[in-house]
Structure formats: C-alpha cells, structure tokens
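In what follows, chain A forms one complex with chain B and a second complex with chain C.
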Partner chain A sequence: MTSIWRRAVLSEYFILYLSVAWFAALTPITPGFATAENLGNIFSSMLPLLVVAIGQTVVLITGGIDLSVTSTIALASTVGALLTTRKEGAGPALAAIAVMLGIGIAIGAVNGLAIHSLRMPPFIVTLATMMFFSGFAIWLTASRNIHELPQAFTRIGRGLDGGIALTLIVAVAVHVILTRSILGRWLYAIGRNVRTALVSGVLVSRTTIAAYTISGVCAAVASILYTGRLETGSPVLGQRILLDVIGATVIGGASLFGGRGKVLWTVFGVLFMTLVDNSLNLLGLSNFAVLMAKGFVILGAALLDTARRRYV
Partner chain B sequence: MERRSFLITTGAAVLTGCSQAPSKPTVGVAFETLQTEYWVASRDAIKSELDKRGAQMIEAIADGDANRQFEQVRNFIARKVDGIIIVPKDAHTVIPMIRAANNANVPMVLFNRPPAKSDTKSVSVVADNFTIARETVKYLAEQAVKSKKRHKAAILIGDLGDINAIGRRDGFDEALKQYGEAFQVVARIPTEWNQEKALAGLTNALQANPDISFIFTSSDLLLPSIVSALKSAGKYKKTGEPGHVFVAGFDGDATAWRLLREGYIDAVGVQDVYFDTEATVKAVFDMKAGKQVPETILDKGFVIHRDNMETESRRMWGANVAKG
Partner chain C sequence: MSERLVCTGLTKSFSTVRVLKGVSLTARAGRTLGLVGENGAGKSTLMNLIGGVHRPDSGTMTLEGRPYAPASPIQALDRGIAFVHQELNLFGNLSVADNMFITGFPRRFGLIDRKTMNVRAAGFLEKVDLRVSPNTPVDALPQGERQLVEIAKALHGSSKLIILDEPTTSLSHRETTRLFETMDRLRSEGVALVYISHALDDVLRLCDDLAILRDGELVATGPRDEFTRDRLISLMVGRPIGQLYPERPPASLRTVILEARNISQAGVAQSINLQAHQGEVLGIAGLMGSGRSELARILFGLDPHSSGEVLLNDADITHLTPRARIERGMAFLTESRREDGLFMDASIADNMAIVRRQPARIPELCAALGVKRANLDRQPVRQLSGGNQQKVALAKWLIEPPKLLILDEPTRGVDVGAKYEIYKLMNDLARQGVALIVISSEVEELTGMCDRIVVMSKGETKAEFTPPFDRARILGAAV
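And now, the complex of A and B:
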C-alpha cells in the first residue's frame, strides 16, 4: 500500500490522480457534479483554456512567460468578428479564421523578436504588448461588441466537434514538436541554460521567436473558440483568464524557471483547475467562499507538487 | 498530507452549507460583478426574496468575463435549477446563455440589463431609465430656474454601449428641452462608468466653463468624482449657499443619500431595488408555473429630494445600506 501511495505521489500523473480524487471526494456532496451533462460542460470548458495553456507551456519551457495571450485573444476576436459580421457563408468565415491566426503569429513573432533582439525580460515585453494590443482592440471597436456573426463561424465554438478537432490538432502538433523534433530539444535546452545552449550551437534567436509564435497561434485558436461560443467579438474577451492559464500550466508541472513542461501535464493542470472551478460553482457557496476555497485548493495542490518534487 | 487536504476542503464545503434539503426549489443567480454597492444591494435583496419563498440560491460571479458567465449558466443547468436570474455582462453575449436555458426549459430572468433582439425567450426586469432620469432632471431644473438666471449644464454620460446609459442621457435631454433658453448644455462628458474619466472630464469642463451650475450624473457611482472636481474648482457648496451647483444623481446609493442629507446634492433618481428584486423572483416562479409573464417588466423608480427625503428614504436602497 505504501509503495502504491509513494508511486502515485512521485508519478508524473500525480495531478491526474489528484483530479480523480477531487472528483471522487466531491461527487457525493455536489449536486449535479457527476452527471453526463456536467461532465460535458467540464470537457467543453476545458478546450479553449487548454489551447492557450499549451502555448504558455512552450514559452515556460524556454524560461519565459507570455502575458500578451489575453490581448491576442481580444484582438483576434474583434478583427475576426469585424470581418464576418452580417456575412453568411463559409468564405468570409475561413478568411476571418486565417486573419485571426495571422494576428496570433504576428504578435507572437513581435514578442519573440523583441525579447531576443532587445534582450529585454519576457515579462516586460509581453506586458507591454498586452497593454498595446488590448488598447488597440478597444480603439478598433470603440469599446463595442461585434455581433451577428455567421453560423459557419460560430459553429466551431458552439459545438463540441469543432472545438475538439482544433484542440486535438494543437495538442498533437505541440506534443510532436516538443518530443520528436530538434526544435523541441532546443526549447528545453534554452530553458535549462541559455548560455550552454548557445555554446552548443542552438539557434537561440529562432527558437525564442518560434516559442512565442506558437503561443500566439494557440491564443488565436482559443479566440476562435471563445468568439464562436459567445457569438460575439469582444475587445475585452479573455481579459480575466491569464491567471487561470498560468496557474493551470504551473500546477500541471511546467516550471516558471524553464526546462520543464509537457503537453500532457498541462492537460492535467487544466483538468484540475476546471474541476475545482466547476465543483465549487455547483456547491452553492457564496462567491467570496468560492474565491477563498479556490485559492486554498490551488495553493494546496502547488505545495503538494513542490513537496513531491524534492523526492523525484 | 493529501488526504488531510481533501478532508479540510470538503469539510469546509459541508460546513458552509452546501447540503440542503433536496425538495427546496433552487434558483441560480449569476451576477457579472459585485464591485458596486448597487449590485451587492441587489444580490442581498434577491437572496432575501428567495428566502421568503423558501428557495435556495446558488450564486456565481463572472468578474466581468462573459465566457465564465456562460460556463456558470451551463453549470446551473447541469445542476437542474428551477430558474436562473442573471445580470449579464452585456446585451449580446447573453444570447447563447438564454438559448442554453431555453433548450433546457429553464426560466431565465435578466435583472437590470435587457438582451439584444434575438429568437430567444426571456424576461427582463429593467428600470425605466428614460422616465426616472427625465423626472429627476425636471425636478432639479424647477429648483434651478427659481434663481431666475441662465444655467450652464453638464451631464456625465455612462458607457454608450449600455442601453441604460442611453436612456438616462435621453431623459436628461428631454427634461431640459422644456426649459428652452434657461439651460445651455456646455459639457457632455463620456465616462464609460469610470470614476477617473469622470473626474478628468468634469475638471476639464469646469476649467473651460467655470460658471457651470447644473450637473446630472448618469450614475451615483460617479458622485465622488463630482465632489472632487467641485472642491478643486471651489464650487462645493450646500443648497442655499451662494455659488451652490445644482447636482442630481441616478441609482440611489449610500453616497447619494449622505450627500442629499448634507445638502450638497439636490435630487436622486432611485432605482427601486425592492420592486425589481420582488418582480424578478416572482417572474422566475411564474414562468416555472407556466404563467404568462410580460417580456419586459419596467421599474418606474422615483425621485428623492430634500423635500420628500424623510418619507421616501425607506424605499431608497442606499439609505437602508447607510443605516445598516
């Protein structure tokens, strides 16, 4: 028994086991928690958050951080909505999706270039781009939401099919990059020690730009899902999810100091965060109690994770 | 260690009252935010109304995030609530939420903010912003014209994407139209419901027009900005004192009540929170019972001023908040 317990705690699936334990513990006292409908809700709530968190994982592996994901989501949402509003058919929807992905690539590349060329801390660079592009999205729409989007566009975010397909593509692609490509090895090498990586012939510049570009693309994909789900393009879309994104990624096991992180771990982190959010919501506690309980649970999970790593 | 963590969290959840009698009707209440007095007072009044009907309230606050609100509404539906009361983030993002409630056959009532036009079905309980603002400004104008001089007026406008802000602005314009040349509107200050923007805008307006003597704010939330700007301009005077600026607010919060009693403002258009919450909860139960409920229920509100404040303060939610 002790051996099984020890193996579970030291396993890389620890957060998954914690999620299962949370689910089992809360099911008897949480009305509607273990129903098929609610499990569907949990799954669909996970998808956009997971996509952004996967991008953040890549950046964290290099020892960086991307605070601009929220502004990428907002700007892509407003531009995509402006291009498709009151236009039916697949053509405008596909064009808008391409432009939204282009926005993600552009913002990511700007971040990567600025961080490498100007040798500025990622925190400051992405904070600046977050403020700039958030302001730009608000200016572009004069603070208004854009609505009347075509079904061809909203269907991707509304139904589970489109969301699952996009999330799977992102997750598999990033997993393959991290585990089967030279770029993946370079990302980890930069995160462990950038000087050693440079001396070893790693193309630090291109690898950094690639990491932030991947994060930008992931944010743009999440924007497609969020915008479709709400049937509205909003200049403040995603403004409040940054802490959830970073929290889920770090709880999953990615290190804020670089060199550690996996797509699968991030899946577990997002699953845990979504489960906690969903169950506390269903419990019927007051909002203040929910916030305190959530903070307490996340801190507890992080402490457990830190403690177990001493023995890994 | 892990087991202890679970015991603590689950124990805390049980102790804070998550287990309720299953027979009680349950209503999900989703607020966009609880960051102003008005929303907190409304939330408390809804809770009190639900308690009166023996119903359990489960609440969720979206902190300004429309996607989070959408997820919260879906959680309510999964929990099989008997109805949902929502203060939506905005008129458009609430449409998919109403659609989800319609598909699950769960009654949905929108509190204070109506939805945009769509094919969905819901009930909205909203203040008659136009009428309340018009009557408030009319009362203020009647007081001001007694001075027999021409007044320069300013209005602090809310977020023009918010239908409530537009109604209040139009009510202001309609009221002053009747007085012709007696009032000249020299400043229309866009605030987006933001105190800093209101302060900067009014300070600039008072610099450009130091003789502004008539101010209407579209929300009491902005009263501290007015007080600060008037103090800086040396124009913060009580009713009856030379140089008094006629000021009226909208909402009826505790600050407005205090300033009204002290004589620094002259009138407040009050949203009748007690009527709104009673009508909201009644609408949920009527819809659940299959009764016909009008699509929009209007709160006509009332104007409180120095002449009627002692009698009307019982209906003013901010006065009750101030009295504790």
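And now, the complex of A and C:
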C-alpha cells in the first residue's frame, strides 16, 4: 500500500491524480458537476486554453515567458472577423484563417527576434508586444465586437470535432517537436544554460525565434477556436486567460526557470485548472469568492508539488 | 611530424587589457602539446581563439596548411576542432546521448533517429570506458563521469585537434588514469592534442611538446625532454620558487574552538566527533563522496543533521542559522566558487560586502591579499582569473577576522603562485589564533599545511594522523 502511495506521489501523472481526486471529492457536494453535459462543457472549454498553454510550455522550456499570447488571440480574432465579413464563401474563410495564423507567426517572430537579437528580457518584450497589439486590435475595430460571422468561418472553431481536431494536431505536433526533433533538444538545452548552448554550437537564435513563433501560432489557433465558438471577432478576446495559461503550465510541471516541461504535463495542468474553475462556479460562489478559492487551490497544489519533489 | 595547427602572432585584448601579446604556437598530428602557465597568463583566451569562442585582434592561424579563422564554435567543430572546456558544458536535463549529438543528431525522416544515436553514443562511451546507458540524464551522473561524457562528446566528431582545458580537476584517480589512456590512444590514431593543466606532473608525463605562457606571451616552447618540473615552475612564475608550502611553527592544541559531538545524518555522516583548536590547521582528507563537504555544510548550519551537537567556544550552536554562526565567528569558503562561493556577475566590492558591510576594509584587504584587478566597484569577478577569484571569495570572510574558518578545496583551479599566497594567508590566520579546517583532495597539500589530518570515508572518520605524515597511510585510510 505504501509503495503504491509513494509511486502515485512521485509519478509524473501526479497532477492527473490530483485532478481525479478533486473530481471525486467535489462530485457529491457540487450540483451538476458529474453530468454528461457539464463534462462536455469542461472538455470544450479546456481545448483553446490547452492550445495556448502548449505554446507557452515551449517558451517556458527555453527559460522565457510569453505574455503576448492574449493580444495575439485578440488581434487574430478581429482581423479574421474583418476579413470574413467582407466576403462570403469557403475560399475567403480559409484565407482569413491563413491570415490569422500569419499574425501568430509574425508576433511570435517579432518577440523572438527582439529577445535574441536585442538581448532584451522576454518578460519586457512580450509585455510590450502584448500592450501594443492589444491596443492595435481595439483601434482596428474602434473598440467594437464584430458579429454575424459567416458559417464557413465559424464552423471550424465552433463544433467540438473541429476543436478536437485542431487541438490534437497542435498537441501531437508540439509533442513530436519536443521529444523527437533537434529543435526540441535545443529548446531544452538553451533553457538549461544559454552559455553552454552557445559554446556547444547550438543555434540559439533560431531556437529562440522558433519557440516564440510556435507560441504565436498556438495562440492564433486558440483564436480560431474562440472566435468560432463565440461567432464574434472581439478585440478583448482572451484577455483574462493569460495567468490561467501560465499557472496551468507551471502546475503541470514546466519550470519558470527553463529546461523542464512536457505537453502531457501541460494537458494535466490545464485539466486541473479547468476542473477547479468549473466546480467553483457550479457551487454558486460569487465571482470574487471563486477567485479567492482558486488562489488557495493553486497555492495548495503548488505546495503539494514542491513537497513531493523534496520527498524524492 | 606534420604540422596540424599553426598560430602566428595572435593578439587579443579585452576592453583595455592586453591578454595575448603575439603568441605563435604549433600543434602537431599524433602529438600532445602541453600548455602551462599561471592563471591569467592567457591560456584560456588562446584556446578560445582556436575554438572559435573569440576572434583574435591580429595574427593568423592555419589548419593543415589551409587558413583557419573560425567565427563561431560551430565553425571550429566543422573543421574538426573539439574543445573540452574547464567548466562542464553539458545539459543536465538532457540524456548522455543528447548531449553528445547536440549539434549533429543522426536523423531519419527529419526527426532524431534515437536508435542510431544510442548505438553510436554507446560506442563512444566504450572508448572512454564509461559504462552508463546513453539514455541516462546527465544530472543523474556523478561529477567525474560527467567529465568523461564531455570527452566522449569531443570524440564523436571526426576530430583533428582536441583541446582539453583542465579536464582532471573533478576526476578521481581511476577516472584520470582512464582519461590518460584514452588520450594516448587518440594520439596514436593521429589526433593532435592540446592539454592544459596545473598538474605539472601529469603534463610532464603525458605531453610530447610543451609551451609555457606568462603574461600573455609565449616564454618557452620545445620537446618535453628540455624541461624539468623546476624549470617549468620558474618559467611560469618568472622567478625561481623556493618551496611549495611556507613554514609555520606547530600549533599547541590547547584551546578547543569548535567541537562536533556525534554528528549523524543518514547517508552523509555517522557519529562524527571532531575538535578544532585555536591556531590549528586541521585537515580533512577523503575521496569524493566521503562526506567531507557535507560535514562542512552541517558544521556551518547549511544542511540538517539528525543527531549530535556543535559547540563553538563551548557554547551550543547546534540550532543556529548560518547567519548566527557567522556572528559568532564562523566562516566557510565553499568548494565551488562558481556555484555558491561568489556572485560571478557582481563586482569585487559587492562580493566582499556580502558577509559584513565595512566598505573601508575592502581595498585594504584586496591589497593585503594581492588581488589583481582593474576596478573594485565595476569589474565583475567573472573576469578575474581563478586565483584572484579565490582570493576574493576568501577575503569576504576576513572583513572581520573569524574564530573558525572552514576551507573546502581552497586551491582548486588555482595556479602555483596564487596557491603559495593562499597558503601563506592560511598560516598567518593560524598564527593569529584562528582555527582552520581544511578539506582537500590533494593529500600533499594537507601534509604540507596541517597540524593534524582526519581521514573520512563513507561518512565516518576513519583515522587521525599527526606529523610526520605518511602519505601512503593517509591514502590507504581514505579508500
């Protein structure tokens, strides 16, 4: 018994077990928590969050941080919406999606370039790009939401199947990059020690730019999901998810100091965050109470995690 | 005897300091070139030019007759020049095989071909006689084995020239032997080797040619037969050096300053009893992993222990924090300057002010210890040579004279001249009544400096020796 307990505590699936425990503990006291409908809700609200968090994982592995993801989501959403409301049809819808991904690539590349070439700290660079592109998105739409997007466009992000497909593609692709590709090894390498990486001949510049570009693309994909689901292009889309994303990634096991992180861990982190969020809301707590409770739960999870690492 | 790498008139300055002043050097195929010199003589800079880390201000290099001017370490690697750095350049979070192939992974369908990579990695690991799985994360290996991984990494390319900068500092005797065998084999395969070390006996035994640097200039070069140990030292220092260890009258061992009673901690220490006296230099010998550094950390209150007491001047300090122990007169020079000894990017003055704030004492102490520096307030200690870094690390504990000073490997990576100065300083402190506990893996250093030597093995004190010391018996007790 003790050995099973020990293995569970030390396992890399710890956060998954914690999620299951949370689910089991709150099911009896939370009305409507364990219903099929609510589980579907949890699952579908996980997807876009997970996509952004996977991108964030890549950046955290390099020892950086990407605060600009929310502005990428907002800008891609408004630009995509503006483009599709001009012209109906499948062709323009696909073109709009291509442009949205392009925005993700562009913002990511700008971040990566500024961080590597100008040697500025990632926090400041991505904070600045976040402010700039958020402002830009609001200016572009004169602070209005863009409604009545064509079916051809929203279909991709709205349905559960479309969302699952996109999320799966992102998760598998990033997983393969991290575990099987040279870029992946280099991401972990520069996250551990940039000086060593330089001396060892790792192409730090390309690797840094690639990390932020991946994060940008992930944010753009999340934007497709959110925009489709809301059937609205919004310049403030995703504004509140930033800290949830970073929190979920770190709870999952990625290190803020770089060198550690896995797609699977992030999946567990996001699952845990979403479960906590959802259950607290169902308990009928008011907004501030949910926030306070969430703070405690996250702190508790982090505490457990640190404690078990020391135990090893 | 074909000339593999020829350097002609290399110069290099950092800000306004001229580190290399026109050095010309030749490394030949199938021979080992030993490069010696004091810390700060320019050895590392010279090697960094060859390895593509820095570019020379003037001068040229040719590799196998063709011009060679690497703009980056990658270009150097491409031309077959591998560099085993003094500080390990490994990624602890990656596997042994990942580290070896970090710039040239074998690929299949665009992705890393793990199978091929592990098979090839295993082959190179066998060459250095290291029996670990290529999948092992480097963090899980002991220090000595990491060094062998670093060397295996240098082997994996088709290296024409391998530079080894102080590769033995963290190796055990057996690992060192293994490394030297590997070097001999490489040499017989026609690789040119450049070997940098402070261990002059190793250099004399291992190298075919020698080159001596002093103050950025090549002061002598030639076949090994032209040199003796004494001649090497006087060339390095620029003057004949008398003896290695300064004289000091034996201590009286009357007043106990520090007493450790029955210190135990699972896996680290087992009922250790220890006394350090006023004016005494007490040596602790032992192999890596014997628990000697761990004991020092316990004595200083950095690590926990499950039972036993620590007394300083008869007062129980067992439960005090390191800060409180410092207030009572304890000081601790840690084993690794880079990790916990110094803030490498902070200035000399900031580093020295970390224990006690007495700015007036800083220039005074720097002068007394002979710290060679450009600017106290602005120069980061990273820019200093190893010996000068060590002096700074030591000086911060002397702002207010301590009662007990623990020194863990006080002369690691420090050249002959600076070593002698550190020894002299230790003797001065002992004469002033400070109790010194010295931990060292060089038994010769302990026998030269100590009043008493305690040998540790597997967390226990195995034996105690008093002068005249018998090195063979001390070594025997350690294993």
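Everything below uses one rule, namely that the second predicted complex is superposed on the first by the 308 of 312 C-alpha atoms of A that agree within 3 Å, B and C clash if a C-alpha of one lies under 4 Å from a C-alpha of the other, contacts with A are read in each partner's own complex, and residues count from 1 in each chain.
Please note the rule applied: a residue touches a chain if its C-beta (ideal position, glycine included) is under 8 Å from a C-beta of that chain, and two chains touch if they have at least 3 such contacts.
Everything quoted here is computed from the prediction, not taken from an experiment.
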Exercise for the section: Superpose on chain A as described above, then tell me if chain B and chain C fit or clash. Expected result: fit
Exercise for the section: Based on the superposed arrangement, let me know which partner A:Ala25 touches: chain B (first), chain C (second), both, or neither? Expected result: first
Exercise for the section: Could you look at A:Gly238 and tell me whether it touches chain B, chain C, both or neither (first, second, both, neither)? Expected result: first
Handout entry: Computed vertex angle (chain A) for partners chain B and chain C, CA, steps of 10°
Key = 130
Practice task
Would you check which partner chain A:His175 touches, where first means chain B only, second means chain C only, and both and neither mean what they say?
Solution key: neither
Exercise for the section: Considering only the touch criterion stated at the top, classify A:Gly201 as touching first (chain B), second (chain C), both, or neither. Expected result: second
Fill in the blank from the handout: Of the two partners chain B and chain C, more of chain A gets touched by chain B
Practice task
Check whether A:Lys294 is in contact with chain B, with chain C, with both or with neither, and answer first, second, both or neither.
Solution key: neither
Problem - Partner chain(s) touched by A:His147 [first = chain B, second = chain C, both, neither] - result: first
Practice task
If you've got the overlay open, could you tell me the nearest Cα approach between chain B and chain C in whole angstrom?
Solution key: 22
Fill in the blank from the handout: chain C contacts chain A in the complex at 53, 72-74, 77, 83, 85, 89-94, 98, 102-103, 105, 107, 110-112, 114
Handout entry: Sites on chain B touched by chain A in the complex
Key = 1-2, 5-6, 9-10, 12-14, 16-20, 26, 31, 34, 56-61, 63-68, 70-72, 74-75, 77-80, 90, 92-93, 95-96, 116, 159, 161, 192
Completion exercise
In the complex, the residues of chain A that touch chain B are 9, 18, 21-22, 25-26, 29-32, 35, 37-38, 41, 45, 48, 143-145, 147, 158, 226, 229-232, 234, 236-241, 277-278, 280-287, 289-290, 293, 296-297, 300, 304, 307
Exercise for the section: Flag every residue of chain A that touches chain C in the complex, lowest number first. Expected result: 176, 180-182, 185-186, 188-189, 191-193, 196-203, 259-260
